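Got some structures for you, see below.
Two complexes come next, and they have one chain in common, chain A, joined by chain B in the first and chain C in the second.
Here is the complex of A and B:
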């Protein structure tokens, strides 16, 4: 009785969630016809930062390590697109692929060292590498433009309107999310969960823990690079601050707000964070104060984030350790 | 102190000396400037390391509080400006005032996250930075603040013919006094022994009937006192600007990483190493100072994550 009751609840819950996703995609598709240019810009930002945050959560949620240097890969992606388009006039689509590849390559080198450490050492080593790349970009005037950054990164003519750029970003981000979703549901994704929960036991099963962690790190870095690549032509300029540690904090915040235990949690976090940011800065300059207090309250009173709260309401139980929900 | 006499000598005499020992005087002045930078980093990082060692909390907001200390010193200096001793009083006043703030923060906020995961603690103290930095902006405004130094530390001194900011001598002196004071406190007093025992095993300290929550509060207050002192000492060095804390907190982390978590000696050595790398790379590769520091930090984390003097007990 009890079991079937729970099962029924679970099924209806899962179905409701799928229904919600379809509704959200439909809303996202018709959104530009409803809202003005300002909010379409906000929506593009939500999508890009959401992709960045979901890629961060590949390391944080699925591998159990806190990366404080994820902005490095985001920034490398942005600079790859910026430099290729501005200096070599390479088409946007090819530049985006190059952004994923270069960010992935950086993640391969940095990850090679980082995955040897865990916990606080992992957090500080990722932070150190992130700052290392930040200062290289910051100081290398002849190549990256130093602290002036790069200006005049224009999207191709077809995407020059904000609505067109919105649809382009929507398609890319949804495609990237589907790929990451399948990775997280694959045997590889479950191996990552096993490593997160008990690395030693996973090792005893004959799994090369370090190699799995490195592959995961590279995937996360590559998708962060894709997000960064989308940012440059949208903002039409890039600056080294995209790689600074304060930028690395943004996906962390989004993930905390949305909840790291669900795949789309960071995207939900991005919606709340970016929307609040756009809304609050409209009438006050005290945005950091407000978001800081919000984050502190969430950690104190709802560590699972918004998704955690929703899950609790639906399931009326706390046994949500499966981490397989959308 | 012979150099003090040289200082008052004629200009040509000084130039002669400079010409003779150009390399040495340059190196020596860079060494002293690195030492003063190291002393400042030590004042910040020692509190950070102490708090982490005892409470296992990496306080991301440490440098934000340090900046509050600098602004507090400015305010006290401003109020006491009619008096000649205003700067020398406002520095300890800033440290005491910031300790009170630290006490309140521990009682209201930090206390609630002791039993949380490492990531929750890091994100929580990270969020505190946003709040503190924004409060600074609200209270003190966006304009830079500058303290007019008293004449005794206003002009440079010449040591072996090389100019050095005379205030740096005070910074180095303060760093040395704090280092010795902390060493004395930790190794010669009863409370120091309790703190050292708590770094090693909190459970054991608790089992001996010592109230650990109380120890936590006072260690946090001590750490924040040091941050306030560091902020006060920093205040007259340049102008006080918003966002100054952003680069400093990462450097303080690097110091603690190089020296080893929870080790006072390690923090001292790490501070001097980072300060000297910075000072000397200015000579050879002016743009690369920060790059070099992070290269050293990354190498240290890769080959010896627990640092020079730390012990590999917590990961």
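Here is the complex of A and C:
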């Protein structure tokens, strides 16, 4: 009785959320006709950083480990696209696929070591590897351009207007989110939640915990690489800062703001963070002060982030992860 | 019933910082047995479970499961053979529902956990609901496991073990902290697993009436070593056992 009653209740709740998502997609589709070029640029940034943050949350929210070196994969993706397009004139679409593959390969190597640790040790080791790659990119002038970065990464002619690039990014990001959404609801996704909640128990059920963590780390790295790959032609240049630890902090902030317990939480966080950034830096240089206050307020008054607040409005009893995640 | 040894342990030793937690333990079980290991606190029961389930690695000696030497195997490989373990302190996924907890065990047993694209909610529905029904926690299917009562958490332990379709099941104090009514129900359930599904069961227990009421065979551990092993009546009358253990209680 209880069971079927609860199921009906959750279905209607999930449907309401699906309705909201459709509304948001429609708004996203007509957005460039409403807003000016500056804000279209901001919207592209929201999408790219949101994808980066959602990929980060595959490790943070679903696997329960804080990666503080996720920008390494974002940066590797950006440099893969930058180098292939600027030096070898490889088409953008192929370069994007290569960005995912190379970021995934780096994640495989770095992850092999990091998944042996958990908690603060995992965070520190991911940070160390991230900085290691940052310094290699920073110093290797002949290959990466060193601290000068790479310039002249032009999007293909078809995507040269900011509106066209916005729609292209929108399609890629939505496709990537759908893939990650499916993964999060799959048995693999639930195995990650199981590892997050109780790795030892999962081991005794018959799961090779380290192997699963590594696979998840590689998937998350590959999607961060895709986000990085979208950044280069958008910004038309890339610099080693894309791999620095400060860049790794951004998806952490976005996830804290939006909420790690829901799939789209980090994307919500990206909307708030990136929009605020563009808005606030228009009239003051004290951006870190503003974002610091925002994060403090969220941690104090809504530890589940904005998405957690919305979920609280919708329902009052406890429920499953599955239903709060859209 | 096939009466070959399902589990065989030979001269197992393990020490922690100079304290011998397991001393030269040799033990074997036939398929279909329903046996108990008892002993005072600190006798080494849990360490013994840790050693035969792969959580700890033995200093010396060997562990065999159906003629496979599993002494140095990690827990997940041993689990895949059909050896399942229930924990003394309930050990579940607090942020997943009761239903999702059991489904995780079922999906792992069916080797579906590397599936990346089928929604988990469409898989193993019937098996999971059957198990919840069988152990009697269907009403709590949508409750977060972290919010269950202590008794229900212990029942969830057994439900998760069932999801793994074990051939050999280790239960570490399955009724600890339960009311006498819950204890009775739980032990009857375990008995059904043994008699109707042929699961070989090895459990530890502090509650002596439970041990004598259910176990077909009793092994007494004291300071990491076996001091008695046999049918419960025999062990009950053993002078050494009365001195170190049962004497304290009666």
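The definition used in the following text is that the second predicted complex is superposed on the first by the 307 of 326 C-alpha atoms of A that agree within 3 Å, B and C clash if a C-alpha of one lies under 4 Å from a C-alpha of the other, contacts with A are read in each partner's own complex, and residues count from 1 in each chain.
Here, a contact is a pair of C-beta atoms (placed from the backbone, for glycine too) under 8 Å apart; a residue touches a chain by one contact, two chains touch by 3 or more.
Keep in mind that what you see is a predicted model, and the values were worked out from it rather than measured.
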Exercise for review: Report for A:245: first if it touches chain B alone, second if chain C alone, otherwise both or neither.
Suggested key: first
Practice item. Answer with first, second, both or neither: which of chain B and chain C does A:132 touch in the superposed model? Key: first
Review point. After lining up the shared chain so the two structures overlap, which partner does A:183 touch, if you call chain B first and chain C second: first, second, both or neither?
Key: second
Point to revise | Partner chain in contact with A:160 - chain B first, chain C second, else both or neither | key: neither
Exercise for review: Could you look at A:289 and tell me whether it touches chain B, chain C, both or neither (first, second, both, neither)?
Suggested key: first
Practice item. Figure out whether A:200 sits in contact with chain B (first) or chain C (second), or with both, or with neither. Key: second
Exercise for review: Mind working out whether A:117 is in touch with chain B, chain C, both or neither, as first, second, both or neither?
Suggested key: first
Review point. Touching chain A in the complex: which residues of chain C?
Key: 53, 55, 74-77, 79-80, 84-85, 87, 91-97, 99-100, 103-105, 107-109, 112-121, 123, 138-139, 141-144, 147, 160, 164
Check your understanding: Where on chain A does chain C make contact in their complex?
Key -> 2-3, 6-7, 182-183, 185-191, 193-194, 196-198, 200-209, 212, 215, 318-322
Review point. Which residues of chain A touch chain B in their complex?
Key: 60, 66, 68, 113, 116-121, 123-125, 127-129, 131-132, 135-136, 139, 244-246, 249, 252-253, 256, 285-286, 288-289, 291-293, 295-296, 299-300, 303
Check your understanding: For the complex, which residues does chain B have touching chain A?
Key -> 58, 109, 112-113, 116, 118-120, 122-124, 126-131, 133-135, 137-138, 246, 250, 253-254, 257, 287-288, 290-291, 294-295, 297-298, 301-302, 305, 314-315
